[in-house]
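In the two assemblies presented below, chain A is common to both, partnered first by chain B and then by chain C.
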Partner chain A sequence: MPKVSTMSLTDEEIRYLRDAIAREPNSVELSMVSAEWSEHCSYKSSKPYLKIFSTEGRYVLVGPGYDAGVLDIGDGMLLTVHIESHNHPSAVEPYGGAATGIGGVIRDILSMGSRPIALLNALRFGDIRHDNHARWLFKNVVRGIADYGNCIGVPTVAGEVEFDDSFTNYCLVDVACIGIARRDRLVMLKGDADDLIVVAGNRTGRDGIHGASFASRAFEGEEEDRSAVQIPDPFMGKLLIDATMECVEKGCVKAIKDLGGGGLACCLSETADRLGKGMLVMLDALHVRESMSAEEMMISESQERMLYIVEPSRLEEFKAIMDKYEIPYSVLGRLTDDGYLSIYHDGKQVARIKASIVANAPIARRNAVKPPYIEEIAANSRKPEMPEYEDVAEIILELLADPSIASKEWVYRQYDHEVGLRTVVKPGYADASVLRIGLRHDRDDEDADGKYRYIAVKVDGNSKHCYIDPYNGSMGCFSEACRNVACVGAEPIAMVDHLQFGSPEDEHVFWTFIESVRGLADYGRYMKIPCVGGKVSFYNETRQGAIKPTPLVCVVGLVGDGSMVMKGHAGDGDMLMIIGLTKDEMGGSEYYEYIHSTLSADVPKVDLEYDKHARDAVLALVRSGLLTSVHDCSKGGLAVAIAEMCIASGIGARVELSNVPHTCTRLDDLLFSESHSRFLVSLRRDYLDAVNRVLADYPVHKAVIGAFNSDSDSLLLEYKGSSISISMDSMLDAYSSIARLMGHGG
Partner chain B sequence: MPVYKVNVLIENKPYISDPEGDTILKDLVLKGGYHQVRSIRVAKMLKVEVEAKSVEEAREMVRRMCDELRLYNPMLSICKVE
Partner chain C sequence: MPIRIGIVVFPGSNCDRDIYHILKNIMRVDAEFIWHKRDDLNAYYDAMIIPGGFAYADRLRAGVIAAFSPVMQVVKRLARDGMPVLGICNGFQILVESGLLPGAFMRNDSLTFICRWTRLRLDVDGSRTPFTLLLDKGSIINIPVANQEGKYYVDEDTLREMERNEQIVFRYEDNPNGSLYDIGGVCNEEGNVLGMMPHPERACEIILAPQHMSNSILHGYGDGIMIFRSLISYLYAKGEHHEPYR
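What follows is the complex of A and B.
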């Protein structure tokens, strides 16, 4: 049986608690506080730094601090967006951990009274080419996401996967969810004294006890963490979605809150604190799976549970809805005016403590020192030997087969990305996915008067860049996510981020965290793209030490109208044009790390002004309808981006590399540099003048570098009179390496 | 070499919830009128036929196979080889 302990509280925190309540806390209070004051729930290390994000903007209705950010996209329609991770549970039990991660983020979206309509995920694993365990994690995480998402009928529309040795024996599983709500139905936390506190959903058991504290400690291997296994129940998850939406529609709940990390302890204290109320809670009323102590009930993280605040006069209505869906529930108690959480069990008061004390952990001051490895990389950076000209084709093929670059079809083919009938641009067809949202109608999926909004979503990260240069690397991730939504014709309107690092108590790790936040905040402020929510996940450590810093950025974009959605392929005879400048910035590139196993300090830097011009230029082109396709140039560089366009369009191309605007001195730098703010676009020959006229307004580099040719079954790269030829078949073969590694059946 | 039949039973540990078993109990069994039924847990059985010199060797080999190939997750499930 899992032992309730206070091991996650420091001596200082216990002293602070003692002073705050002016007495010794009892064991139930200690359990509650230690769950809520865990890094996972309290943000005690990160809070002061998150304030530098710009959080306001034209579309923002609700910014960070709620269960999800809320964007007003006009005509009474709101978007909600949130991101969560489930790294530790997934490293222990990949199938259940990943599935319950989906369940969790969906309930955050539900908590705002919004209906979840799309999921995205970002996954990171060790080396699946050589490591059985990494393959096992990868396979089961993907299956967990697929099964849960498919069962509850929310499509998984986009994602991103990276492989790196720093994730050996571990994994990062991040899930973002998009929801929609009508403006007049948005549920903000409300509540008055004597309103009832109801918990509905699965019965509470001992699973996931101390999960929040578990997620706030370094990962020490499987055996010690058996209590953190969480079991998904997608059927209950689906019932909760439907029942909650019905409650919202009828207006019979005043507040909704997900029971996530930290269980009842966190959920009750945060809700009470936010409402400025107290709570009288009778734990004996809670529907449980087994007999449990008060401590265990307070911190159990059993999945698929929600908290509702219901006015007494609406209780019967609420009960009728829960009964209809056969969802078990219990009325735990009521709100009070005194600000105290008063918890009763077995007829006795087992805890009485101010919600504001529990919900607001003392800030933990952390030291930040630039880690020595960064200087070491800078001191030891040297260029690898220039490959022989005839070997370049082989390198391009190797990069296409690099699992971090190769086709992720094996992954997204397992997901249902169409359920709900609103996925206009599906995974694998463009750089971001596009969703259609109907307006002015009760049932958002019915077309009342042909009025729709189109939104684009994408999540991006790059651990390799962020390890070497967390400031510029993080800014690059943000830029890439924005470029990706621009590629489908959307203007970025908001972002949520997920910041994943090792232990904040390590001054070197903490320095990378601060740099990363600065990078994201600087980009967001310059671009006027507000941060509307996010998460911080520390203590992502394995036996080899901290993971590479991994901030993820999920960007939401708005497309003008449906006719502007970009989802085409390059056609026969189309010209290939590049927008942007290729620079000698090879640090953290797949070419250096995957091919040459070499670290270099010169990570690509975003020139903010240039980045904005390049993105605006592409948006203007897409919106003018002059292009046949657009592709962002990122991992693997220009060579990989061109090859991907050929693969996606199913035709060969001939490219003159010396036409590419660049400042490189070597061919390999030109081909494989991951410089930001670059796009490849294809266009019909007769549109070239028109395209140039549009581009004349933007101070960016541009050049026609080649043409697509359906007669050719190869990609021909010419450079100073010599040429490199790669057959379509060999590219396709290399690009499908993941399916081969994982076995076709999944 | 003789062929042995080895049964491998994989089930969730007793303190880990089992939504599938709960659903069968609630939606089929209790609604079907069998109110005497207290609980139902779902398990998976692999019936393995294996060449080996002895019963012990067969059992040992199947055990090793289940552990090595992660046919079950030791964090989540109990695996009985009989």
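What follows is the complex of A and C.
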């Protein structure tokens, strides 16, 4: 039997607990409390700071604090959104860790009574070019996501991957899920005394014991940590989706809750606390895989388990559904009015403690001090030597082959991104994916009268920017995700975030956390894009130290209607236009870091007013149907963005760089700066006047900088009389570097 | 009497709802889900579709457990009686494991799952199966695959025999996974049972097709619609149904 884990509780917390219950807690109670008061479950460090997010808006039905945020997109259709990470488990056991991450986020979406319809992921690894271990992690994380997602029939539609040395011997595996529900069937937590508490799904076993505590300390990569990783069972995951949706359709459950981090301890205490009820729980009734102690049962994180609150009169109906799918379940007990979690095992009461005490950890006060490395970078920033113009071609090819920039086709080919008949814009075709919502299936969750809505989704992060300047870097991630959904014609309507940092007990790390939250909150408030949920993940540290701060932003956008979805490529003779201003902002750029291994302080800053104008301008252009394609200009800068458009369209181009609106003093800055609020658009020549008329309403820079040419098999970059040429073949070859590194596949 | 098509659903089926949508909302015929435990089906249905997914999580081998389910014993009987049966992706694997179609499946050459659009050529006369009736021999349809064990294999003798019997219905123009002889779909000797690896239901609506992935003559529909239109036309032509095809 594993020793009861009190080590995750501080002396102060144990004192607080003792005072709250006015006696010594017993060992079961201690286990429950230490699981729930772990950073992972309790947000004890981050909670006070998350209050600064703006969480209300036109589309918001349910904001942060539930298993998923809920958006009302009209005509009785709801969207649910949630994001999760599974970093520690994936770093030890990448296949199982990533797969169980998918299972977890799916069950959060199910907890609202909504049907999961799309998955996104954001992955981060060390240097896969030189590090075998990083390649092993990358390969198995992708396989884990693919095997789970494909098996349960939820398409994986979008994502991003970044590589950085700060993730060496570690990885970040973030998964987001979108769900849909009918407004009249949304399941919010409800429950009355004597309602039954039912756990259904996999048998409870010893896997994943102390998973939440494991995720709440620095990662040491110990072999014994493997026991804290849970075992994925996508088949049971799929059965739970189908059975839960049938329960929702029949209306025979009053509340649904995922058993995730912290197992029963967290699930029961949070549910009881939210309902304002108590629970009488008979652990002997629980269906288990092996003989277990009460503590183990309370904190096991065995996967694919759900909690349902069922009115006694509906129990037979509920059982019939579970029996149909052959899902094991056990009626654990019932709700009470006393507010206490009363847990019985072996005929004895093993715990009796108020749910509100367990569910509400005391806030941990953390110090925040600006880390000295930021000043050091500022003091030591110097520009690399200016390359000769003819060497620029080689640099562009190197950047195209930079795994953080190169094509992610090797990844998304392994994901079924089409099941469900909703994926209108598929991965690889645009900057964000577009989903059609409201199929006319006649059952459960989907719109019955055949009206379709179109939504765009994208997740973005940039650890290089956020390391050097967490405030502006984080704001930039938010801006980029919004730009990406705008590229397919969507107006951003909500975001969920995932904030990933090292130890909150480190005052320097904690400062970057606060700055990051500020950056995201300021952007959201200005743009009126509410935050409807999110997660915080601390203790992302290895022996080499903390990861770079990595906030992720997942943005959901709404497209007017199907005909307004931007879906296209540049054609022969199309003009290339840039919207936005290129500035000398090289800090954290791929050009500085990947090519020159240089840290520099001047991370791109978002000018909020300008950013909004630029995005609105592009949206207006997309919606007027005047463009043939749109591409956001970000990682790798202008040069990479132009090359990517050529690759995507399979067509060469000729560009005059001196036409680009800029404030740069050097050509390499102009080419590779990652300034925000810039878009490249292609348009038919005869639409130029019309495009200019639309743009006249927006105070943004714009210029025609070149044209696409199907006769040319290269990208020609001209600058004040000199010219370099990069062949399409060499660009394609460079851009497929990941497939080459990872071996054949997809 | 309206046309009524059964969709066989196993634990782990994924594409059942997608097929339902195409039949009901695009083709405007009746469709019903048939849970795998049923063994009481009769001629109540005009055709059966076994959708894609991961029946029983592909445990042991794709399709093998599903092949032993009660419903498949009935499907086998109905197929022998001449009912049109279409197996898509995992459904194809189940038909092979049930012995209704020849061959076997192996892991893709890439050893990974592959999701991509392919070009599929009809290698027999359209009249060979109820599902290809409206297509000409040699015509090419754009259609996506999504599978991990999609590499079709048969021994050489069987292959020659299948060729002689015109059972090799579809062949890839751009073989995605190393399938023997570029095979993407095969039928039984009688022609009423068709298994295909690509997903026609994902290629029915033009908005779901990537650019340049559909024949422009189909006016708003993707190429996959021809599989379903062929089936419905076939069923009307049999004369038992009087509603004209839309």
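As a working rule, the second predicted complex is superposed on the first by the 729 of 746 C-alpha atoms of A that agree within 3 Å, B and C clash if a C-alpha of one lies under 4 Å from a C-alpha of the other, contacts with A are read in each partner's own complex, and residues count from 1 in each chain.
One rule holds for everything that comes next: contacts are C-beta pairs under 8 Å (C-beta built on N, C-alpha and C of every residue); 3 or more make two chains touch, one makes a residue touch a chain.
Computed from a prediction, not measured in an experiment: that's the story for all the values here.
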item: Touching partner for A:Arg183 - first (chain B), second (chain C), both, neither; value: neither
item: First (chain B), second (chain C), both or neither touched by A:Gly568; value: second
item: First, second, both or neither for A:Lys319, with chain B first and chain C second; value: neither
item: First, second, both or neither for A:Arg525, with chain B first and chain C second; value: neither
item: Contacts of A:His596 with chain B and chain C, given as first, second, both or neither; value: neither
item: First (chain B), second (chain C), both or neither touched by A:Gly205; value: first
item: Chain B versus chain C as contact partner of A:Phe235, first or second or both or neither; value: both
item: First, second, both or neither for A:Cys151, with chain B first and chain C second; value: second
item: Partner with the higher number of touched chain A residues, chain C or chain B; value: C
item: Shared contact residues on chain A - chain B and chain C; value: 235, 326
item: Contact set on chain C toward chain A in their complex; value: 11-15, 17-18, 20-22, 24-25, 35, 52-54, 56-59, 109-116, 144, 146, 148, 199, 201-202, 205, 207-208, 210-211
item: Parts of chain B lying in touch with chain A, wherever the complex brings them together; value: 12, 15-19, 23, 26, 70, 73-76
item: Chain C contact footprint on chain A (complex, rising order); value: 143, 146-147, 150-153, 234-235, 238-239, 242, 324-326, 412-421, 423-424, 426, 429, 436, 439-442, 450, 562, 565, 567-569, 744-746
item: Chain B-touching residues of chain A, taken from the complex the two chains share; value: 1, 92-93, 95-96, 136, 202, 205-207, 222, 225-226, 229, 231-233, 235-236, 289-290, 302, 326
